[in-house]
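When the chains are written out, they are named A, B, C and D in that same order, and each has its own residue count from 1.
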Amino acid sequence: MKKIPVIIDCDPGLDDALMLMLAFGSGRFDVKAITTSAGNQTQDKTLFNALRLISLMEVKVPVYRGCEKPLLRELLVSDHVHGESGLDGAVFPAPVSEAESILAVEGIANILRESEEKITIVPTGPLTNIAAFLLAFPNLKNKIERISLMGGGIFRGNMTPLAEFNIYADPEAAAIVYDSGIPITMCGLDVTHKAVVFQKDIETFRSIGNKTGLAAAGLLEFFSIFYRENRIELEGGAALHDPCAIAWLLNPDMFKSKPCYVAVETNGKLTSGATVVDYFTVLQKEPNVEVVYDIDREQYIEMLAAAIKNLP
Amino acid sequence: MKKIPVIIDCDPGLDDALMLMLAFGSGRFDVKAITTSAGNQTQDKTLFNALRLISLMEVKVPVYRGCEKPLLRELLVSDHVHGESGLDGAVFPAPVSEAESILAVEGIANILRESEEKITIVPTGPLTNIAAFLLAFPNLKNKIERISLMGGGIFRGNMTPLAEFNIYADPEAAAIVYDSGIPITMCGLDVTHKAVVFQKDIETFRSIGNKTGLAAAGLLEFFSIFYRENRIELEGGAALHDPCAIAWLLNPDMFKSKPCYVAVETNGKLTSGATVVDYFTVLQKEPNVEVVYDIDREQYIEMLAAAIKNLP
Amino acid sequence: MKKIPVIIDCDPGLDDALMLMLAFGSGRFDVKAITTSAGNQTQDKTLFNALRLISLMEVKVPVYRGCEKPLLRELLVSDHVHGESGLDGAVFPAPVSEAESILAVEGIANILRESEEKITIVPTGPLTNIAAFLLAFPNLKNKIERISLMGGGIFRGNMTPLAEFNIYADPEAAAIVYDSGIPITMCGLDVTHKAVVFQKDIETFRSIGNKTGLAAAGLLEFFSIFYRENRIELEGGAALHDPCAIAWLLNPDMFKSKPCYVAVETNGKLTSGATVVDYFTVLQKEPNVEVVYDIDREQYIEMLAAAIKNLP
Amino acid sequence: MKKIPVIIDCDPGLDDALMLMLAFGSGRFDVKAITTSAGNQTQDKTLFNALRLISLMEVKVPVYRGCEKPLLRELLVSDHVHGESGLDGAVFPAPVSEAESILAVEGIANILRESEEKITIVPTGPLTNIAAFLLAFPNLKNKIERISLMGGGIFRGNMTPLAEFNIYADPEAAAIVYDSGIPITMCGLDVTHKAVVFQKDIETFRSIGNKTGLAAAGLLEFFSIFYRENRIELEGGAALHDPCAIAWLLNPDMFKSKPCYVAVETNGKLTSGATVVDYFTVLQKEPNVEVVYDIDREQYIEMLAAAIKNLP
């Protein structure tokens, strides 16, 4: 089966780590590059974490340093969830490679320009790099097959009642991406709060016995602390957000979704960073986003376990 | 049983008409005054409609003219739903009384000042009058028992994806009311889109055979046109919003609700007028609103029919 | 000569104190009431200060307590300029009268309703009371002859580069007043930064020798501290803002002014509370404000000294 | 004398045309590239106009197509001033060269990367291209010597009372540039409304007799129509904005300026696009912009005439 060519833009980040394990372990992607966003942690740390993760997984892929801060706002990190390093909870080998000498936006431009086929972009952090790319290289937009992202929500937020972290951190970037006309799949909190891992799932990953499985289990143990304290409605589970954006590409049938018109609020006093999803078609505008809102959780956990098993 | 003392602030409006029928027909309220808001139609028309409605129902109650326009914004009417008159669909007798000579804010102040018991306020239009009252007479706030209102929504809007008409029309007024510290019951679109009347219900009202029942049926026939064309997910039903605010006072057990922190967005480009309901307690603030989200529809229809039966 | 009937709405406040001395000492006003705004200090303190000032001047006038906070925002006081009491720098006799039992908005309404002639309103603090009055009693707007206010600026601010304190503290109230259609005279920072008192002027007031002159000198000594430290372009002078609004009513020929369209920014991130004055007629809208921008300073000082001389 | 290396980012535009005549005719600049912004007219037209202008002046310089629209907003053109073509009023030769195959942002990046010395950027249209460049290539920021731009104003606007066209058209881009830390010279409306050309100056240019002089005269005749109708305080003159940004580089002593802290309002309802200049140091922040506010007009006209004389 032909591999799906992708560029992954992430801010590892605990759930980003699991997302990368799924992307590489599934064997189904031709990962052209990893670009790192500032979000869960600073650019220095997410870049370092990306390099540590590919070292752990023993894969080769160019890694590009992304933007240091949101397009127009100050940087906001999520260290209360992801820890001081951004990857707290597991021990990693030192990186065995270095970041590319050019930055993410130029890296994406070069890859798209040289590619004969269209490439899918998978952002699982704030959308700063992708927006900056679209502003600087509008002529290469048609080389993007789709953007499958983790971010936003229809009926819930996690930073405020209506805003999810990735969108909240850089709403202007999100607005540029959502308005771009590129086909978008949005895995927001509606689906990711159903894409939950419980302690038994963590044990499943650990029992695989390889170093990736041990790291996955350690990261998820740390990740669960926040959720058990703050989101008790998940009953001990942790919302494993980012791998959804990859899982949807592997098997969209595992999900439920609906095409909707979605726009991003950049101005509100209480609603900045809200993805305004016209779920009930009040505005009567053309849908621009495939909004994912449900998942077969059991299949998701199996998919993750299978991918981890394929890695060292 | 002691009657509940209330001041009703409304913008009739088709569903406001049904709300008044329920308020008077139930026999359970001591209605101190009706004050009219500009909303579904202009102040001139909603005031005239209130006078026509009490003429139809043959009740005596002081009616006060309210504000002509929102606190800070231009007037927005909803004639595409409620028609040119604001009460399209039925024939009414001419008013037999006139509005009071003083305006709504002063009228409310006089009533509260003179009352020995606390009074409940029931707004079913934009909150302009109530906000202007609170600004001008903060010393009388403690005479208000509760505000039971129709407006807003947790997970849906009708003017935009996140904003309901009454709040959208005057968000600053709504912000003042929601921030006032007065106990609030909010019947938003979550519940009112379950408080639906179907054609068979309309026939039930008509078959009561009195003039109020005939008027109710005519108004609801007209009201249903908009819903059948625009909100097909209601399967032919029309969302009968305003009577919920009265019905909850009559029997809160007929409803499901949850205490939540709620604030009103006054600034957003896409979200102005959204009631930001912290349903999942992201902000960890003290609840200020009893948010109603479900209803026993059959009981609601029976309650309405019983009230109409009690009227001429 | 017939006295000018006025209601004075102020937040004393050092320069408000001088404004009241000018109003009462000039002998030219029929002061129907003083209403106090929260601004330079809290409502408790500005009300107390108003009562102390009329006690000092030995005048009788009803004083009404105004709103506790801006219409929609949190209270912001200016204690870094006016001191802990709001009237630092002089010793005052205790009040010999009490505030009226009703609040400012109702007090203004009663006075206007009962008056056969139109009354001028002179606000020299945030415009909260006046806006709340206009919202609650729109039917009495036509009893207002003019609003002569201190606030705003064409080309300068003092809280931010574009916003002056009185407008910045409650921009929504200011927007309501400026949009009201009532004739407005605006004495903003352009004129008041030319209405400067120097040390020699303070000595002039002190040398009058009466208790009002001594108080005026003490207050201005304290007032000058802030200006000498922070606004060195005034060369030791202090901008004596509030009396301008009264002085213009006494003698408009002492000033230069231009009719302009003016609106108030309520939303900006950097410009909230700016009075947007269309001085160069870019918008081609009808002027709604007489914008005062220059003064004969010598005459102003003489006018103040003459007024102080008339008081005890 | 060593030539000053510059990249010129413009939206010709009548006054942009005069700016290019000054840049090339002065003989003092090493123009590395012209990049075109959408502003006075669409990108298609400003690009075409840049190519026509270098054809007229018989100079060789790479021209790059810039962004089609502002970073986050819809395109707003200024055809009521600059005409249907953006260069109404004169006849031009057809272009003899084509735009480069890569876009402006990448072109700027390549030039800066390859340059051993720092380069000055001269924007005289909306700042979209420069902002997009800074977002995509932050690593090359240190290759920029200075940004000398036409835009904004201290005390006046032309689109609204506080906003000038170039900033108003793309406030977010302007905010990014002003916040960049790069030394900025801002020639805003305060100076450019003193940099006026009168009919006698137009005759001076025409009488030079070469084709550039004839074109300059024709363009300025057309340009003057708007000013004579709309800005009568200029007494028949037209504000020749854009050449100021070049003239300041040639001879800053011809101007008066002051270092100030400047930020751009991106949110206001009435003030969007205002350059908030802290001229009176209210905010006590470090100056980030050299704000130019006066000019020796006679010298300016002579400088322009001398440059035109040097061209074909």
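Here is the rule we go by: contacts are C-beta pairs under 8 Å (C-beta built on N, C-alpha and C of every residue); 3 or more make two chains touch, one makes a residue touch a chain.
By chain, UniProt protein names: A, B, C, D = Nucleoside hydrolase.
Please read these numbers as outputs of a predicted model, since none were measured by experiment.
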item	value
Identity of the chain that, by mean CA position, is farthest from chain D	B
Whole-Å separation of chain centres (CA-atom averages), chain A against chain D	41
Centre-to-centre distance between chain B and chain A (centres being mean Cα positions), rounded to whole Å	44
Centroid spacing, where centroids are CA-atom means, of chain B and chain D in whole angstrom	56
Set of chain B residues in contact with two or more other chains	266-267
Interchain contacts (touch definition) - all pairs	A-B, A-D, B-C, C-D
Parts of chain B lying in touch with chain C, wherever the complex brings them together	67-68, 71-72, 103, 105-106, 109, 131-133, 135-139, 172, 175-176, 266-267
Chain D residues within the chain C interface of the complex	154-162, 231, 233, 263-272, 274, 276-280, 282-283
